[in-house]
Amino acid sequence: NGDDLPKVTQVMVPPPMLPKFDQVENGGPKVILVTFTVEEKKIEVAPNDSIWAFTYNGTVPGPMIVAHQGDFVELTLKNPATNTQMHNIDFHAATGAMGGGDVSLVNPGQEVTFRFRCTRAGVFVYHCAPGGLMVPIHVTAGMNGAIMVLPKDGLKDENGNPVTFDRAYYIAQQDFYFPKDKDGKTENFATVQQSIQALGESIKTLKPTNIVFNGKQGALLGPNALKAKVGEKVLFITSDANNDTRMHLIGGHADLYWPGGKFSNKPFTDFETWEVPGGSAAAVLYRFREPGTYALLDHNLIEAFAYGAVAQVKVEGK
Amino acid sequence: NGDDLPKVTQVMVPPPMLPKFDQVENGGPKVILVTFTVEEKKIEVAPNDSIWAFTYNGTVPGPMIVAHQGDFVELTLKNPATNTQMHNIDFHAATGAMGGGDVSLVNPGQEVTFRFRCTRAGVFVYHCAPGGLMVPIHVTAGMNGAIMVLPKDGLKDENGNPVTFDRAYYIAQQDFYFPKDKDGKTENFATVQQSIQALGESIKTLKPTNIVFNGKQGALLGPNALKAKVGEKVLFITSDANNDTRMHLIGGHADLYWPGGKFSNKPFTDFETWEVPGGSAAAVLYRFREPGTYALLDHNLIEAFAYGAVAQVKVEGK
Amino acid sequence: NGDDLPKVTQVMVPPPMLPKFDQVENGGPKVILVTFTVEEKKIEVAPNDSIWAFTYNGTVPGPMIVAHQGDFVELTLKNPATNTQMHNIDFHAATGAMGGGDVSLVNPGQEVTFRFRCTRAGVFVYHCAPGGLMVPIHVTAGMNGAIMVLPKDGLKDENGNPVTFDRAYYIAQQDFYFPKDKDGKTENFATVQQSIQALGESIKTLKPTNIVFNGKQGALLGPNALKAKVGEKVLFITSDANNDTRMHLIGGHADLYWPGGKFSNKPFTDFETWEVPGGSAAAVLYRFREPGTYALLDHNLIEAFAYGAVAQVKVEGK
């Protein structure tokens, strides 16, 4: 159960950034200590369009965790007394116990610590799953993220040769279902409880009102664009905890795209567009050959340009 | 055409169970005799929410057939005189003649027998396809199922080594489009003909009213949960004859997932979620490591928890 | 940049046909000269149901270009003065400069010529991308197509052996979002500008009003069915520039299906249904074993039979 392994604290950072990590394991397996604090708070998803969001550590998506195959993750989940709802966390990387959901349900004012072993290599979604209709409500209110479990000896290309990357970014597509009044205006709820009640109806449309990357229209545009340099290999980790998406990098390609986001599989090459079925994560490596501005988007172009699922990558050099 | 081969009758059983079969072929190719009787009948899909369903042998989905590559399936399709509609069957496993649809159209009071050769190994959808708008109407009224064609020497893992399984379950996701009255209540039609008329309109919404596993909300929950033991390898065969889905086993993974459900391809490993594009079937093998209750669901969590596409697997042992 | 290479003009033809090309490269790399003229015009998508379409060379989809890996494509894009909108072209096969979108934006009365190198082998979507909401509006008004970049030494099967085909067809699924009046009747706009204004709203439904192959309900049915002979290997190139689809050949299979439509990947075998995520293209090879009429369709059967996404293949011989 990992009790004999060294413990290291991993400091969480807001997406699209990743915490500090080694691409190839440095030393043997470890117990990685991570703390998530649940924040229930209003966030502005589009100009003047806000929702009561449920978040891990205050961001949509929650922070990315990075481990190596064989590591344990020891997660402390804190649900402050100022919150109103029960929350938990289900890791698709974990085995048994509902991915951890069964052992992590905490009331406001409580916290829980549990541990799971990262037995499989790949990128995996995590999300809140407090049961019944609360599952889609919490997940579509923002409460999801991803973990990357790297092989001990790092990534391999399509020929089985080691491949490294110069940067990594984590981009999550989020579908929101804002409750609307009769005039089509977003309801402005005073309390979380009212919001949840209304979301129980609005999600049933199966038609998002907002589809964005990293929690907010424009979160990764203009001054907030992702950055890279010509010649750099960038690992794009893309997830969608609920809806399907089809990611495309305008002007670029997927040099390497791991099927299902799982590193035990030989990566595909040259994809123009890679799908992310709801409830999964994908990993794509691209080496930028040309300077300029690239766009990363959901290639349902309506979802990109009318709903918000578009980011930019600014690439300098020559 | 198989005339010289031994004939064996395969007794159909209701899903999620499979008929008796050998994982590795026992003797040479055979003609497998199967009988399907079409039943048009009201079924309750959710509490107090019923539809005139079209079924093969009375279940949604129809029974799973199991064959080996090189076998023939000789299907007798009976359309009792008490029925009201023409029906037929299109096997995605068959070659030519519209998958058998062209040679199997039967009026009420008729029956037809035809034979096709299972030339390819994999799991394949079958469904009614009586032409035009009747195709989606019959299929979304429940008239679909799957056949599994095993390689003669059984399944192989990602390294090409033989792999066997201890149990197999067949789970089909079904999208229903219940016609509703002005108050949003399900229409209660006295006749099949009225139901079909209304379905011709309601399917055009492209928005299901019910999305369930094995024909009924809760069909595989609680006392009806799937069962397994710790250490067992379970083959999950999942199909969706019309809509797309993304299947996830909470607490588990896909140890082996055959691309497109076709066994001639090397299986992928470690998937968290496997998609099933509408009109296809998937096969996933998982060895349970931990006891407890697992959930198998469509990881559009709204479709799982607000529409009904969720099952449970109860795993005993330690 | 290709200046030293021989130039050859490729004469465009309307889909489903492909221009003349060699399956294995004949001589070294070339610059392929292609001319696209943008036509804004009303097209009838279903009986008495028309839209102001945006097209490359007058067809939906635009013409297929065929190149070999290492070739350059030199595209001249003409926007006649009789048009009303700015247009450009983004090639998913190109690298940098927004796939060419950045260097090809032309006003009515202008033309532009630019060149890109086909560095990767596969089938790739191209489309108009004039910025913002105009991107989905132009693409869902028909302005998209595909290029096939063949490996220099042609296609390879799942064992790495050369494989050739006897015919190739290009089929594009198009989702239209016809603006409707209060009675559900398609709006009949006098001007392109009015149409665009209304499309800016209607696309937001994310629910197509028409889903067709090659621009028109029935474009590939009956007398317009695709043709093949028993024993022939047919390459089906299927694309969807915006929406997801799941393609199925009733009565047939995918003998070879290249993941993501990219020829550097080993093809899968035996698929019953192959998905095409929005913004991508797929290539499937099938050798017809039996004569008769086959149907190629989107296996969301509602989209096929109630919206129009169905084609036929008439196969002669015995």
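We just call them A, B and C in the order they show up, numbering each chain from 1.
Note that in this section a contact is a pair of C-beta atoms (placed from the backbone, for glycine too) under 8 Å apart; a residue touches a chain by one contact, two chains touch by 3 or more.
Values in this document were obtained by computation on a predicted structure and should not be read as measured data.
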item: Chain copies touching (chain B, chain C) - same or different residues, decided at half shared; value: different
item: Chain A on chain B, rotation in degrees - Cα superposition, rounded to nearest 5; value: 120
item: Length of the line joining the C-alpha centres of chain B and chain C, rounded to whole Å; value: 33
item: Chain C residues counted as touching two or more neighbouring chains; value: 244, 275
item: Touching residues (chain side chain C, partner chain B) in the complex; value: 158, 207, 244, 246, 248, 250-254, 257, 268-275, 289-295, 299-307
item: Complex contacts: residues of chain C adjacent to chain A; value: 90, 92-99, 101-102, 120-122, 124-125, 129, 132-133, 135-136, 139-140, 203-204, 206, 241-244, 259-262, 264-265, 275, 277-281
